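Here come two complexes built around chain A, the first alongside chain B, the second alongside chain C.
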Partner chain A sequence: MTLGMVLALTGAVLSTALAGIGSAWGVGIAGQAAAGVVSEDPDQFAKVLIMQLLPGTQGIYGLLVTFITLSQIGILGGNPITDTHTGLMYLLACLPIAIVGLVSAYHQGRTSVASIGIIAKKPDQFGKAMLFPAMVETYAILALLISILVITNIH
Partner chain B sequence: MAIVSMRKLSVCASRKNRKAILEALQKIGAMEIITEEQDGDSGLQKMDTQAARAQFEKTAESFDRALKLLSQYAPEEKKGLSALDGRETVTRSELDRVVRDKAQYLREASEILKAEKEIAECRSEILKDRTQIASLSPWLNLDIPLTAKGTKTTAVLTGTVPDPLSREELLEAAGRDLPDPSCMEGEIISSSSEMTCVSVLALRRDAEKVEENLRSVGFARPAVSVKGIPSAASAACVRDIAGQEEKIASLEKKIASFEGSRKEFRIAADYFRTRAEKYRMLGTLSQSEHVFFLEGWVPEDHADDVAKLLEERYGACVETEEIKETDVEPTLLRNNRFSQSVEGVLESYGLPTKGHVDPTVVMSFFYVFFFGMMLSDAGYGILMFLACGIVLAKYKKIEPGLRKMLQLFFWCGISTAFWGFMYGGFFGNAIDVVAQTFFGYTGGPILKPLWFEPLKNPMRLLMFCMLFGLIHLFAGLALKGLEYLKHGDVTGFVSDVLAWYFFIIGLVMILLPSDIFKSISGMEMTFPGWFGTVAKVLTLIGLVTILIMSGRANRNWGLRIALGAYDIYGVTSWLSDVLSYSRLLALGLATGVIANVINLMAGMVGKSPIGVVGFILVFLLGHALNIAINALGAYVHTNRLQFVEFFGKFYEGGGKPFAPFGTTNKYIEIKEDKVL
Partner chain C sequence: MGDLSYVYAVARIRVREKYLLSNTDIEQMAGMKDEKSVLAYVRDKGWGEQGSDTGAESVLAAEEEKTLALIRELKIDPSVLAVLSYPNLYHNLKAAVKEIVTSEQHPAAFYPVEKYGAEDMPRIMKDRAYDELPEHMRAAAEEAHEAMMKTGDGQLCDVIVDRACLDAMLADGKRSESRLLREYVESTVAVTDIRIAVRALRTGKNLAFLKKALAPCESLDVGELARAASESEEKLLGYLENHGFREGAEALRKSPSAFERWCDNRLIRTIKPQKANSVSMDPVIAWYLARMNEIRTVRVILTAKANGFSEDAVRERVREMYV
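And now, the complex of A and B:
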């Protein structure tokens, strides 16, 4: 296996790993808050579950980038890359979703906790409460977009 | 696109018809009664209905609790989606029968509650017994009562010491400094890591000294206070538990025996709830000695019917009031069958107020369009609209909020299927994977995209997403313009709406032929020579208009221009708003790629009988997960695009939903004529 391939694989692995860590973190703290609400008011289960799931998307974006990278660099069939420069480019391309995924999922989780607080006090304000975590996610989406655009245009 | 216009009616009627009129209004449920505080010196009074209302609420609650207990001890057989059945239909005569026999049902309900109370008592007895047994367990080997003091010449010392101790050590410790240490008997009853239970028999004359000796090794009298021999006491507790459990079982059976009255309980609970609501309303009415007054909002098209009903049947005097500036008119939306499905989404943001536009219709089209783009898989879409369609067709009585939600997802499902075919995704690339894995197919994709595959050319799709975004934002701006025109504010329309159209369209036209756009999008377009000139003119007109007109509320020209310049800076928000629509691409890609990953994993098991089973398992599980998480994502982000980007251009919300005075039924629906 060439150095280029190793570099590219590092990027692919990082995007799932870091974004996944962020999502696990965010979903985890939001889940604790959600469980607290359900223990008082089980009727809010569906609403707080949605809130809990919101920071989970970054992990999926990371997986997405990993998969596209793997299929582009020839791990999943096709011609494996050999060039060190190309490998480094893939590594760099993976970084936006890896880093932004990690940080934004954590902060989205914290925002979800706050929004779960809204639902606990005012269950009818679900629409507004949902919006705050969704604002944080915008930046993960932008990072995902850049990662995808770069990866698909390297060849 | 319609906010239903309301008429404010004031009713004045004889006091003796008070309850009858309220009941009639409650039945038709078409009037929102205004409950504002009257001036103190109007000479009118209010009736204190607090006590009666509280009594009815308490009664309704006890029926609720009885029902809950019934479902706990005699669970109802439920069919799959019985939660969607909605409220049970009850005829007026059934209701009347229950009301006539309400004393009997009240008695039954209170018997259920009494049984529940007894069950709770039995449970606490059992708990007490269990603690007793646990605290007695170290003493079970003791064959004399724990409280035994001894005989005339001997003394018994029973208790615990903290440290583990053997019998010899115990006797040695107890017999220290005694004239005759052998005149003593001791026994270790039990020992555990926390304490050792001991019993010492000594001569009465030595008793004090022995106890003092024992205390020096930490001896203490037992904490348990039980009369009699421990093992016997423990056995008595066990017997008691069995007895209490038997009692609980018979009480549970007793509760379950009222199962037949479940329906009547429901009717009674709702009957009392509705009466409580009526008394709440009664308490807010202003009345004099012989007449009472009420004011309320009625939708314009029902107003005449309501007025006629009250006048003819109850001899009331009904007048149409003039709507004052300070009146807050409640908002009721009425839209076409398609658009009303997004009313719930709009409501979660805030309803429009009187005099503003209702964005429902415009929003509904964009909502369904964008949702489809984000989920964008034909298989998922077909599943969604089939599932929603079947539920909607099968359960006719779903409560309205849920019904609208299901309708919304029904339409979104169709849109998702449409975009799935456009992008060529049917459960991802499932068709190709199945063909390749099990049938040895080697050709190109079988289901070709009608438009193009996003992953092959994401840049092109990104451009389209932004175009759709710009159209969405322009639609928002158009609604703002409509509002200006509705109020006859042409200056506002030109300077706040038209100028922005010019400015933005001009900027886009300048951008399109530029090299930057060419290199980003990979699209090359040729434009006629006049294109650039038109672009510049449009931009300039827009720019100048905004600069001069934006701060027109100010007389100070310096400030006015400064405000205008600040508003021009707002063009950056247009940029970020348009960029925000890139989520249409990102989420669309997410669904497709994850679906492909699932298919890839499912196909890995290979071509064999086990492979087929494995394929089906991974396929079902994986796609179920993908559809759930991506439908959630599509829902959240479609809402965001509407609430933040679209509404940001024109919409305020803040309307008060129309809440007519009506029945407050939880379980039943009474079959009779309703105006609304």
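And now, the complex of A and C:
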């Protein structure tokens, strides 16, 4: 295996690993808050479940970038890349979703916890409460777009 | 970043906060015609044991028990609850010392504190088994016992025990990892010192008494407060106005009950910011204190109604609520 391929694979692995770690943390902490609300008021299950799932998207974005990278570098078919320069470019292209995915999922998890607190006290304010963690999602989407844009334009 | 170990507990507390009594509920109860109506109102809110038709004290005791049961279930640091229970613990110490000296038994005067209730505390004091008491109580228990035996002065006994209670709350509270508890004990000691200074002024106590009774804390210069309270009401009011207690001074000018209400409301305002906090154990402690405040307030209303107090007199005595 060439050094270029190792670098590209490192990028692919980091996308899933870092964004996944962030999502696991975010979904986990929001899940604790959701369980607290449901134990007192089971009627709020659907609302708090949505809040819990919000920080889970970063892990999916990371997985998507990994699949695209693997198909582009020849692991899932086609010609494997050979030069170091191209491998390094794939590694750099994966970093936006890897890093932003990790950080944004962490903060989205905390924001979801706070919003679950709103639902606990005022279930009718679900729409407003959901907007706060959804705002954090913006930056994960921007990072995903940049990663995909760069990966698909490396020749 | 905040302690996230209590996310589950805080979420449960957020739901429970919906069922706390509001200022509107208290206003409504204050306007009710008798004790029975107030009792029916709180029963409608789920107070007391379901299906039972017991008296006011049983309803209040059941609420205290429910509150403690939830706090225990949420695995809140026991040292926090211990600090908050010091006033009850030291109250039992005072009751036990007086019981021994007067040779009369008053089990109803004791709070139900584990290991130091109506049975154990008098026995410990009678046997002078101070080692069985928590370490922070031993010296005060011995001193109060000796003072009571030699002088029979109940007020001196109260001063010794109350001062020890404040010192212990401050020392142990300040060591806590809970920021709210640190702020709460500081606020409690400051407000209690002011209360003692006001009462001492009204009963003509001297500087030596005040110096013995007031517990030093960061919010107050107790030496200056003691001097002001031993001189005149104007000096005391001046001290309060110039040291961040302007509202307290205004309440004191208004009436004694307005001042007492200010003291309790100031403590509730210390915990109010926790309504917007989603992490750490502090919102849970705030809920516990809020519950105790509402139980105390309902007790005041029930007692006032049972004794035929006017609506205005009841309103003057009720406290601000957390929600």
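What to note about this one:
By our rule, the second predicted complex is superposed on the first by the 155 of 155 C-alpha atoms of A that agree within 3 Å, B and C clash if a C-alpha of one lies under 4 Å from a C-alpha of the other, contacts with A are read in each partner's own complex, and residues count from 1 in each chain.
Heads up, the rule we're going with is that contacts are C-beta pairs under 8 Å (C-beta built on N, C-alpha and C of every residue); 3 or more make two chains touch, one makes a residue touch a chain.
Quick caveat, the model's predicted, so the values are computed rather than measured.
Applying the stated clash criterion after superposition on chain A shows that chain B and chain C can sit side by side.
Of the two partner chains placed by the overlay, only chain B lies in contact with A:Gly56; chain C stays clear of it. More residues of chain A lie in contact with B than with the other chain of the pair chain B and chain C. Within the superposed three-chain model, A:Leu142 lies in touch with chain B and out of touch with chain C [touch as defined at top].
In the superposition on chain A, A:Tyr90 contacts neither chain B nor chain C.
Using C-alpha centres, the superposed arrangement gives chain A a vertex angle toward chain B and chain C of 50 degrees, stated as a multiple of 10. Legend: residue contacts after superposition of the two complexes on their common chain; A:Ile116 is shown touching chain C, with no touch to chain B.
Think of it this way: put the two complexes on top of each other by chain A, and the tightest Cα contact between chain B and chain C is 8 Å. Here chain A touches chain B in the complex through residues 50, 53-54, 56-57, 60-61, 63-64, 67-68, 76, 125-128, 130-131, 134-135, 137-138, 141-142, 144-145, 148-149, 152-153, going by the rule given at the top.
Listed in rising order, the residues of chain A touching chain C in the complex are 29, 32-37, 39-41, 110, 113-114, 116-117, 120-121. Taken in their complex, chain C has these residues touching chain A: 4, 7-12, 14-18, 278-279. Only residues 345, 347-349, 455, 458-459, 462, 579-580, 582-583, 585-587, 589-590, 593-594, 596-597, 600, 629, 632-633, 636-637, 639-640, 643-644 of chain B touch chain A when the two sit together in their complex.
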